[in-house]
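Shared between the two complexes below is chain A, which pairs with chain B and chain C, respectively.
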Partner chain A sequence: MRRGPGTIALRLVTLVVYVFMLAPVALVIWLSFSKSQVLFFPPHGYSVQWYEQLRYQPQLTSGLFYSLWLAAAASLISVAVAGLAAIGLSRGVIRRRGPLEGLFLGPLMVPAIVTGIALYVYLYVIGTGLRSTFVPTRWAMLLAHVLLTLPFTFRMAYVGLSGIDTSLERASLNLGRNRLHTIRLVTLPMMRSALIGAAIFGFIFSFADLEISLFLVGPGQTTLPVAMLDYASNQIDPTIAAISAVQIAIIAVLLLVANHFVDFGKALGIGRAR
Partner chain B sequence: MSELTLEQISKSYGSVQVLREVSLAIAEGEFVAILGPSGCGKTTTLNIVAGFTEPDAGRVRLGGVDITRQRPERRDTALVFQNYALFPHMTVRKNIEYGLRARRIGGAEARARLERVGKLLGITGLEDRYPGQLSGGQQQRVAVARALVVQPAVLLLDEPLSNLDEKLRKSVRTELRGIQRELRQTAIIVTHDHEEALSLADRLVVMDAGRVVQAGTPDEVFSRPRTRFVADFMGITNIFAGARSGGRFVTEGGTSLPLPGDLPGAPYVALRPSALRLAAAPAPDSTASAGTAQSGAMLHGVVADRTYLGDTVQYRVALTGQPETESVTVQASSEQAGAFATGDRVGIEIPAGAVLPLQADDHE
Partner chain C sequence: MRLSRRGTLGLLVPGVALLVLMYVAPELYFLRYAAEKPSTSSLAVPTVTAGTFTGFFRSGYDVSVLWHTVAMALATTVVAFAVALPVSYVVGRTTGRAKTWLVVLAVLSMLVGNVVRSIGWSAMLGYGGIVNRIGTALHLLSGPEQLSDTYPAVIVVLVSVLLPVMILTLESSFGSLDTNLERASRDLGAPPFPTFWRVTLPQVIPGILAGTSIVFVLSLNAYAIPALIGGPRVPALATVMYDSVTQDGNYPVAAVIALLLLIIGLAGIGAYSFLLRRQFEGWRTR
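Coming up: the complex of A and B.
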């Protein structure tokens, strides 16, 4: 390979961009192993005491478990809805698909904080009207997170489906299986990777969400990002760095797993499905 | 009974009419090739038989029963797709069993059928592999096996050989023909390759622009093409427009061709390149016919170029005193090859059988 000044410049820019993106993450992880009581850089010594300390921070640990449950439930529901919607839209008899495709990607256009407020107000009003309480409940939170993840899961399912040769489904019909059996025996198994990828991605988006959850949290039902915000608004110490590192680790592992199933460049790539 | 008939089938997509009143009857055990260029409606015809496309008008009957509106999964047809459409997440065995399971055929009967098609197509031993682990030729065999194992009333083949290389294509062609004969399997193949159609089918149906232009045995279609289009599609290159004048056919360029007395008048005439013969021209000064180059059953000209094709050599002969467009292609066997070179003066002998009068195309 030739190494002209252009190549060197390109590498330099790439390096700078990566440093810019990764430096804060690296710094947080680094500081989480600090020995001192305050966030100070560089640390004077190293320890794992802040990870041990996490046990005594119930708002953070319960937030972590709540967020894990929420992300798992929301992404599974979201993938089920997205998978069916994608099959219906791409293989069904609907003629004008454009507006419906747009509808599924729509939530992306509304700022998350607005979605959060809107959902809160909406569910509050309906709940009051029905003499019941919808917010804050875990079901309202679950609904919000399904909504939050749907644009991503739908898009990944839709792209996955568009990569499947329709002649496979026609072959199944031709061999005597009806449409429902064909979906179960051919379409869904072929979508497996895309759906697993979508579920993992949905999980990550739900797990990392702050803005929508902010309005829907209730006592004992606080997501991890909201709990971290609360914690950090009172004090800044390496505890927050430690819980951040835990969060980063969970997401990193999931991304590695997801990468095995899906080509992210293709799934999230520029341009539309089809 | 598995006689298949298409009656007056029409189909349009928007303003484009892809099929215009196509009628076909396919007898039990017959192998029919639908031949035509892309866009002629042959694949649409196949999809209508399989049930993937619903015609705007007309009927499809199988064994006398109207199946025009029947859903594809209820029809007794089996299609071999152009790209094979094997299920990539299933083994070869699961792929072949797919249609049997749908028909609730299991146990000893299923095992016997699997073994039979496996032997027939020479794919025994591949049962536990996935389609991705097979060569193109093997995939093709599995696709045929998957269709044959359900013992369909009609086997449909959508350009099944087009993804194979030349050599493999010829051997699979022979094999396919043998299998079809042995099983007396009613079958329709759709293809754009006239050689494939000629070698496989009992009967040829040539389509152009949504119509059936000619139907008949391979020999009938090849030796007596009805229209200009059919002749062109069969690889007959020397086609001249013109009119009958006395006992001869005079082309638009003015070339006079001998026309056997019993041939009907026609707006076109083709000269079959392989039926023409080249002869050394007499010395130009020894004949007064140099100016009237087109007397008798002989044309005169100069070899404009020469293409060596192995068994045969193709000459393009520019006719004396005629414009470039009136050149004639002659296909001669290689034995004669050394005889002529570019620039040689030659005579073209036209035996009666080489002259094919052609009708205008239906949409002209």
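Coming up: the complex of A and C.
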């Protein structure tokens, strides 16, 4: 880029836009350390009492633990399913890949809130037919979050595989290993960083998502974003800022870890026309 | 390596079965309700009728929500694109550590969650929030005002929340461009702006298509921001759909809204990418 007044103006615009983008995130953290119960900018004093007070907010803390469990379980299942499918799709005998790729990226097409309500209705009807209850249960929620994360984990595993040199696989086959051994000893180890990246991103997508969970929450089984939305519809105070800061911190740390394993641009499929 | 037929099948079966049984089947099962009637005793009355669909369009309220939601999504897309264009140009051309940080910060703000960002914006727009404080200090506002609960407020927040998606999408297009063409244009005497408009921009059409369509669909489907920033005075299709299920138990109307969201999203993207592509094909060959 040429330096000049134009460049400086462009950089200034970039700075302003980044502030606009990140201001709500930064301010939530700042206000969580406010001393008074009523939010006021800038705060009149600082304290960490709202973090201690979180103990007395069972719906938020249980939401936090439920969401952590959910995100961990969903991303592991999702990575396992997506990893196998990605190997099958890129190394298998398949006449037309398009429809299958479309199927795995499919859940991106439908709004998450629609997927959530559709799954609720479907499992409710099946459950009634079988005289048992499938919704709301934690397993229905887990299923929904696996579906939510699958397009992302699949894409990352698939992209990761396309970057692997297949001559190593051929060498392994030529040296007498069968295909199963080759996948286990050659392909999977080379997919390692893509799969770790996929697991971290899957975790984040599940952990922060609101929409797919809205219809699947039940008593004692509320995800953190749903619990936060409920709380925030009544009042915005330092308590909700504190739990938001906890969520921001968890996601920020995970992103810094993920940054070591994957290239963000490639991983998120950004910039390719879908 | 080529897998055997059986091996391929074995690897694909878990994923395909999961998606067909638990994603495709539920969506179709639910969308079918759009052709049924609301019921008080069960989820829907099993019939085939266009009544629910036409009923939606006969209701003045529902139609106005539809138009407002589409208008909001269009406005968000246009503003986000205009703001993201210079920024993504800068980010795309930056290299080294600065680039890493710009990308990481954008990804962080994208993935941190719509709820957290809505809460942040609620705090900013509240009576003691930064916007009211600065506005009052600069005498732009006569005193603290209720700033949320309006369509413009929802659009501003939607833009802020969806900007990272737009910036990251455009940025990678700008980053992968061949800068020699620009240099050639400048050396041949073209000023910077026409160079950008006639040489650089046509090359990033795929990125623009991807970015604007994703942002359009995401703002069309947005739930958290209209619910929290807009409240009941700023209804959007997603919030009306949520209420029609949780308050009225009206699944057929929810299915009609779901169908509309899908159709508008897909049709919008299709028509618009066709037009934009044709427009710029003409430019390139000129």
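FYI, the second predicted complex is superposed on the first by the 266 of 274 C-alpha atoms of A that agree within 3 Å, B and C clash if a C-alpha of one lies under 4 Å from a C-alpha of the other, contacts with A are read in each partner's own complex, and residues count from 1 in each chain.
What we mean here is this: a residue touches a chain if its C-beta (ideal position, glycine included) is under 8 Å from a C-beta of that chain, and two chains touch if they have at least 3 such contacts.
Every value quoted in this text rests on a predicted model; they were computed, and no experiment measured them.
Taken together in the superposed arrangement on chain A, chain B and chain C fit without clashing.
When the two structures are aligned on the shared chain, A:Val257 is found in touch with neither chain B nor chain C.
Once the two complexes are laid over each other on the shared chain, residue contacts for A:Met190 go to chain B alone; chain C is not touched.
Comparing chain C and chain B on the residues of chain A they touch gives the larger count to C. Of the two partner chains, chain B is the only one touched by A:Arg177; chain C is not.
Once the two complexes are laid over each other on the shared chain, residue contacts for A:Pro225 go to chain C alone; chain B is not touched. Residue contacts after overlaying the shared chain place A:Leu89 against chain C, while chain B stays out of touching range. Of the two partner chains, neither chain B nor chain C is touched by A:Val48. Contacts of A:Asp165 after superposition: chain B is touched, whereas chain C is not reached. Once the two complexes are laid over each other on the shared chain, residue contacts for A:Ile8 go to neither chain B nor chain C.
Our summary of the superposed model lists a minimum C-alpha distance of 8 Å between chain B and chain C. Comparing the two interfaces of chain A, the one with chain B and the one with chain C have residues 170, 173, 179 in common. Chain A contributes residues 1-2, 6, 10-11, 13-14, 17-18, 20-25, 27-28, 31, 38-41, 81-82, 84-85, 87-89, 91-94, 100, 103-104, 106-107, 109-115, 117-119, 121-125, 143, 146-147, 150, 154, 166, 169-170, 173, 179-180, 182, 187, 204-205, 207-211, 214-215, 225, 228-229, 232-233, 236, 240-241, 244, 247-248, 251-252, 255-256, 259, 264-265, 268, 270-274 to its touches with chain C in the complex. For chain B in complex with chain A, the touching residues are 50-52, 71-75, 77-79, 81, 83, 85-89, 98-99, 102-103, 146, 150. Within the complex, the chain A residues that touch chain B are 165, 167-168, 170-179, 181, 185-186, 189-190, 192. The residues of chain C lying in touch with chain A in their complex are 1-5, 7-12, 14-16, 18-20, 22-27, 29-31, 33, 43, 83-84, 86-87, 89-91, 93, 100, 102-109, 111-124, 126, 128-130, 133, 160, 163-164, 167-173, 175-176, 192, 206-207, 209-210, 213-214, 221, 223-224, 227-228, 238, 241-242, 245, 251, 254, 258, 261-262, 265-266.
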